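For reference, the structure I am asking about is given below.
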């Protein structure tokens, strides 16, 4: 037990993203309302975005802009660049794209939900299925 | 054996394919039938023009495309293929004439479709005859299966539908279920599918595996109608008679038997079959089919069904001959391809002619018909003699060689099978002839004015009946070809 | 010019999608010609690109001049060179063939439709051409999102079916993204070639294993590999006919390409087949997929849904073939990507033609079609032959390689499944053919060829269909060349 707590704490970002992901997945599977499912889906995607963001972060590091590098040849030589001092920007940049994708997905999903609602006058999945079977 | 590269085998296959668009676009029946006739004659001439080359000991080869490493779509004309191609292409001409008479006589619908698929089926048949490897053979075999489906189900009614189902289930089911895996396993064993004189499977697999392959192939080519995969044949008799005549007495079933013979000699090889002692298995299967088929034929009243069961039995003669694994037996089997074709097609033509003239299908309704249709029934008599294997008809030769072959192979039970089967043949054919000519009382069952069928129907059946007789006295080129083939297989 | 083909392939359709969108406001009649022009350029460049690959083996295109692994690289080798041609040709043929369907089914939304159509194809072409794992995700989502839009334009039940597809598709894509994240953690790279160069020292890392499992599951979800197939049949059935015949041939096939790319280039065959000991189990799942797909297809009473279930089985063919772990199986899988795309296109175009004339695709609507639409049904028969696997249509040859692979791998279960599915396909297609050939029953005796009323689809629909049908046979006959000159080099030498 005493080993477990440090294990969890040391990798807390992973535990958080997995928890979020499972919440999202649960909503998508278990919820009956189509919009709730869409919310679940969005949580699911956000979890992965957070995962990416967290893997780029470093303790005590700063934004990846090299200090004193401007114009001064001496400065550049004297300040060797320690990678550990800077956070990795790439995952964050990637997530800008992923966020766009997830927003687009959300938009499409909501548009579809509206279309479903217009047709069936409900968003509860079981009622819609009953309607379809009834036809 | 030396080879010549020539496009002729491909042409022989394509000539009837090319005529299909012409058939579809022709407006009047006369034009359409003229094209059929032109294609049939052209095909026969192309095939016949290769005959001297083959007799001079050459093989004609043509490769279309290599589709799988070591396996191409490829044609090779050898003696056995030549024999079969000659039989089917010459009979197509006769059948075309007969079809015209029959279809017009009955005012059938969809005649254009009928002639198109007939042409397609003939392409496939020649393709099978000239294939150089198992893949090409399989290709044309399948093409034939599907091309004949619309012919078998020509009437498009409930009965045709259920027969068509049965037909496809047996034919395609076995070819995909049995032949395809057998072909693939053989390919993976030996790396080739090319038919060779010694068989390409020699020395590649154990006895058990080879045995499995043999079973898959013998039963897989269900067009050969070896029991228990025979029952599509009687079902397919719902087709118009010219279809039954050419396809179910000549092309389709012969393609099946031809494939079996080809695979036994070219894939397994006689030596392999002898060394693994598979001969008795083939003989047993074939003999069982012969006897059971003949017995069932005895009990049939529908003339076409009777002929169907007779066909099932006769086909196994060919397999039996090869299964004897003795030179004379094989010669007998191969010659029987030709002899049976001419005899059986005559019988079907007669059945069709009777149907056109009187509308009767059952034997019990044909009593006394010989007086109204003497020419037809005389031809029927001659052809049934040929099938039974009696002189003065060609069937006698093949049976004679089968008997010699079984003596040569020391298979006495086969002798017995042949004897019983001949008796049975006589037992189901002769009563028909007897009743037709000598029983008068029932003649009232025919309407007034029933006479011979149209000339288009009668002339072909007279021709094929005459050929059946001539073949006894002059069995060339079929006998020569079979002889050549057997010599090249056995190396003697 | 010639060095820019990989970019042209994606850029031209992408930009013209916006052009079409604008044209939709101005003059609807402009949309179709622009779409055709865009896809013709794509088609043209993909074919030239394939020839370039035949000369140079690999065509590398650095977007914006940034060299990999930092910049995004498009890299085209034998494998995606072939798939690119398939995608662009199928998309173009379908575009032309379904013009009349589009006019008939949603004449007001032509602009939106063609915009989505071209964007979808852009996405697919991008997925295939890219050499960057994250870029692939983005393009995958472009294709998916436009795909959802297209499917949702269909009839009554389409929006709900699309929504279900969207849920599953998003989970699949997210899984893929997550897997790539793990790969990035251990390798620090997103370039496929770069990852595969770094991976060998990490073969036993648990993170790589996790990355692999998550990626593969994501990809399976997107390709509808049984038992993750539940979204596919409804989505493909209720989509408009012009969309079914676009998405059904391409989407699953492109995702299978992604799987093979992951197996061969990213994770490398050595890792997949030697370090991991899962290929046998996956082939067994494929066996189940094939058998279940076939059985479920038997239970359907409408043509489109039946074809959709056949796709589920076909996915099993390709996954199984790829995981057999030998050259023949892999050849079969890659060949089947091309062949299956063509034959699925063929049968779905037939459905399009039928819907155009008959306004339905349930089995009862098919009665008497052989008389009414002989050419369409002729093409259907050719497509059916190919799916059944009858030589010389192309379907036979991919099946040949797949079964050959199964025999070499000693995996007889897979062989039996393939044969079983062929036999079931015979039943499936001949049931359809029977209905359209026999019914309604008439007594034909004594009628000299009575005038059958032929009511064929218009020529613009018929000609592309007949081209595809003829293509099935032509591709079949040239299988030898395709395998010897392209697929042979697409598979790494390590796989024997």
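Should a chain be cited, it is by its letter among A, B and C, assigned in written order, with residues numbered from 1 in that chain.
Rule of thumb we're sticking to: contacts are C-beta pairs under 8 Å (C-beta built on N, C-alpha and C of every residue); 3 or more make two chains touch, one makes a residue touch a chain.
If you're wondering where the values come from, they're calculated on a predicted model, not measured in any experiment.
If you draw each protein chain as a dot and join the dots that touch, you get a simple line with two loose ends. Contact tally for A-C versus B-C: the pair with more C-beta pairs in contact is B-C.
One inter-chain figure worth recording: chain A and chain B are separated by 71 Å, centre to centre, where each centre is the mean of the chain's CA atoms. Averaging Cα coordinates per chain places chain A and chain C 30 Å apart.
The distance from the centre of chain B to the centre of chain C, each centre being the mean of the chain's C-alpha atoms, comes to 43 Å.
Listing the residues of chain A that touch chain C in their complex gives 25, 28, 34, 37, 41, 44-45, 48, 51-52, 55, 91, 94, 97-98, 101, 104-105, 108-109, 112-113, 115-116, 119-120, 128, 132. Interface of chain B with chain C (complex): residues 64-69, 72-73, 106-112, 135, 138-139, 142-143, 146, 150, 153, 155-158, 160-161, 164-165, 168, 172-173, 176-177, 180-181, 184-185, 187-188.
The residues of chain C lying in touch with chain B in their complex are 381, 385, 388-392, 397, 400-401, 403-404, 407-408, 415, 419, 422-423, 426, 430, 434, 437-438, 441-450, 476-481, 483-484.
Interface of chain C with chain A (complex): residues 134, 137-138, 141, 145, 148-149, 152, 156-157, 159-160, 162-163, 166-167, 170-171, 174, 177-178, 181, 184-185, 190.
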